[in-house]
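Before any comments, here is the structure.
Lettered A, B, C and D in written order, each chain numbered from 1.
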């Protein structure tokens, strides 16, 4: 598959932007400016970005808590992300929910909620709506290896299979559910082995190779769009930091992290871009651009007002 | 596998007793003597009885709503069953719950409750207790094809697999969940295809062949007892009546029923007994014995007192 | 006007809403070919087709979650729980996903979950429960519980047209036992309004669902003794309306609240607390409650009869209040 | 006596019960190697081994169901919900399987589910909820909510020794903020008893959990104005004890009930209803409630601060009662 340099630079831009924003949020967290939990997807950016870039604008996504890249590709602005982390009125939840617990249907993003795997049946229902209305849109549900142990994973994937719905199930297999390694989560080798239970195609790919993710998503999306039903894509990756920033992840073997540090999706992609002969200048441009956007985002967020207490009472019901 | 004639006649006795009791309950239901729902396992008796006969007395079972045979083999008396159906104080639930929604830990039977598949994690927990206490007992969970669509199926089987617990999962695949045929429940051919997701052995057997069920259970039970972990046994069968007696099952194709009527587990086993040269007399003996027990059971139940209303307040908590 | 059953009223509401709004569709177990465990959707598959009448696998959390997703895409799903008792299997999707979505993100979740609930059919602990209080206590959900065919039809239409998740509690005993006049033309009964089903001056009786008919019978008995009971039917359990209640209490000074759900943390306690706070000076007697005891719903007839409130028990309580 | 945190008190109760009763074992997410999201079970795996400290897959319904099964086999499982918010994922197993088992079949289900609950940590709608009312309303469950290290340890031991399913609500804010004296020797705080945390003659303040400390602070402020507040800590939310409450109300004639859970169908309404019925003649003012509003728990500090009751708001309500 031969992508134009501009497409590749778009990937690069989102990879850098995602990594940069999350590194910045970690700083803010350490400075005590972030309340509540601090969740990042360091090392898993290629999964979110490669897949989201393979979708149409009106395809619907249900990202999980390691999918900042999906939000950005779908149109969420860095400043919105920052404002949400800082609990400001200018964030997508107006301070009602924290960190990456947000969504925005104007960008066709279904909001993430904490109970793992809950987004799977919900994304399935979005796909059902498209099928009923004969729209050529698809839905994509994102989740982790841990989430795949939940009943909602089983019920959601089965429903999608039985109704042949246009949906992709994209799993970040980062080898841990909080402190629990795969071996204590499942007695099979791959999360995809679980997905075989539903009767639609499953794939296992290198989640740190953005081109592989893009390609696999494109192919599965085409099938879903043409009535071919769901596809399960297991993206092998590694959670490179703690479950959240409070967690030093001392339970993860050093060697494992070292091995995967050598497989960083951004460094790897940079290497590829150089091979493709993309001039350094273009890469630098992206980095400067990203840096600028991040600082603007932080400034915007920090300058943004907090909501008034009274706003807590608003909007329980739609009118 | 060569079973002694007495063992075979024991199978025959329980087959006849189960069929006879349920036929009798249907009569009572038609006479308006049974309140609430009337659920029977006509045509599926070999699954319950063949498997239960392969267990040790202190193995634990979690039967489902088509498993009267399991209750009987484990030691529940026909009169207890009848009394429960008729809501009498002398039934195992003292009138608090109906039909086959009962259990009795003195016979190592975990009580069935309506939400399908709920018994699966519970039986898994019984197996966990055995593992923790280093007891050589096993647990057996029974359920239908429909139940296998529920999250608790997924969560229970996975937990059993990860902890390598001594448990058997025995599925009555009777091809329907109420009115819903397999094709609308799952996009795979066998329920066992689902169970492959968990990483322990699965088997598919003829659920109408009591010897096949007995053999498969024995073999899996031995493995579980010796630390080999769970086994999934899918028993192919057919629900020969409505979901419950109010349901004429007109949604089931006649041909399908006719085909399976020719494969009745009791008639089939009778044929086998005759081949084995078991004298007619012995069979007749069993039938008279069974007839007697059933009529005694009905008489006992009908003569039994109803609970007093006030008893409704008792026993919410254990002291 | 046509005189129809509560069941038929629900059927008509579904049929008419599906007919006039193609965003409305049905999800549930056995609702298609079979027409539903209570035959409410009989004929719907033939009329509206497989895309809008969907027989799901046995997976409440899965299809409630799917209904939420479809609602977010602008559909108007109506989910049938085969029995309200199984709504607990979808509890997380309802209270965490559906209930909180609009508050957090501002997007509506127009979803109706039909919950066939309640006892008196000798169906035992798992086919008789009253789940309403769990959902009343969960911010972001509306909860409805009609007592008559007229209300059943009008409230279901209002629920389907409402942009929020609504738990529609339909009482199984009323399906065939409640008959009443229902206009042929389209109408709704707005959510959030209670309804005085009987006017009276002496005691206010507050209830809903299957207890309304029992309350009316008790009221007639009292009337023979010259005691006029005013019966307020809550109709919507959340957001419930208090003006009608308080006005009635200020008139009568005595209150009995009746429901079939267990007492502790039920809606009865909530209403009693509100009355005790808002109408304190107007009370001539303590606010009384008559509910099911704090046990599961027992199966056997004598037990369930003892368990459930009914006209006789209501009349007895009313007499207590009279002689207070 | 040792002065320890609420968290340490819970840790000690678990440790001691596991040490003296080998039937006791732990199930939950990240409780083994990691020692639990709040580090309550740190060191347990090393001491008690893999068989009794079990890291489960991410499947609340599965491991709660398994705990029920183990309990039926005579074990004494203690389940840790990583956050109370996820208890909704196991709701069906809790209310249908565990709660109804003994009533139906007479076999005990000695099970404790630890639910780290409550707000004030700016953890947002899914890490701050108060689930207690759902379970209080579900017959067959006991519900406990300690406010001090002493109660936390004694009530957890009592819960583990109780033959019934107990939802043990441990307030996350108190983990490190509540410190207090706890005897070294073995003791229990029996379930079903409320505790007067402060004696007073003028107003009865009824609450539990994290609101007890807030209530005590408010009471001290009132005391400076010469108003003596009696604070009753419910301790056990079901079965709750009313004698202490009613005795206090009869003494003071004025009542404020405070809790962090949403108001509608919360325990506050239940207690208010009971008081309004049982102590009607003794009330000099309406029974008042101060609770969270009927919304999800918001994340941002100003919103959550507005949402939660606290000493200042309690004092204001108490003043309303004074001047009634």
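Just so we're on the same page, a residue touches a chain if its C-beta (ideal position, glycine included) is under 8 Å from a C-beta of that chain, and two chains touch if they have at least 3 such contacts.
All figures in this text were calculated on a predicted structure; none of them were measured in a lab.
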Point to revise | Both-way neighbours, i.e. chains that touch chain C and touch chain A | key: B, D
Review point. Taking each chain's centre as the mean position of its Cα atoms, how many Å separate chain B from chain D?
Key: 41
Check your understanding: Roughly how far is chain A from chain D, going centre to centre by Cα mean, in whole Å?
Key -> 36
**Study point:** chain A and chain B: spacing of chain centres that average the CA atoms, whole Å
**Key:** 45
Practice item. Starting from the mean Cα coordinates of chain C and chain D, work out the distance between those two points in Å. Key: 30
Check your understanding: Among the residues of chain C, which are close enough to touch at least two other chains?
Key -> 57, 59, 61-62, 85-86, 88-89, 92, 96, 100, 103-104, 125-126, 139-140, 294-296
Point to revise | Of all residues in chain B, the ones touching two or more other chains | key: 93, 96-97, 101, 113-115, 149-152, 154-155, 158, 162, 184-186, 316
Exercise for review: Sort the chain contact graph into one of these: line, ring, star, complete or other.
Suggested key: complete
Practice item. State the interface residues of chain B toward chain C in the complex, per the touch definition above. Key: 35-37, 87-88, 93, 95-98, 101, 113-117, 146-147, 149-151, 177-180, 184-186, 251, 306-313, 316
**Study point:** Residue ranges of chain B touching chain D (in the complex, touch as defined)
**Key:** 60, 62, 92-93, 96-97, 101-105, 110-111, 113-115, 118, 120-133, 139, 151-152, 154-156, 158-159, 162-163, 315-319
Revision key, fill the gap. Note: in the complex, chain C contacts chain D through residues 85-86, 88-89, 91-92, 95-96, 99-100, 103-104, 125-126, 133-134, 136-140, 238, 261-270, 272-278, 280, 283, 285-289, 294-296
Practice item. Can you check the complex and tell me which residues of chain B touch chain A? Key: 149-155, 158, 161-162, 164, 184-188, 193-200
Review point. Of all residues in chain C, which touch chain B in the complex?
Key: 29-30, 32-34, 37, 55, 57-62, 83, 85-86, 88-89, 121-127, 293-296, 298-307
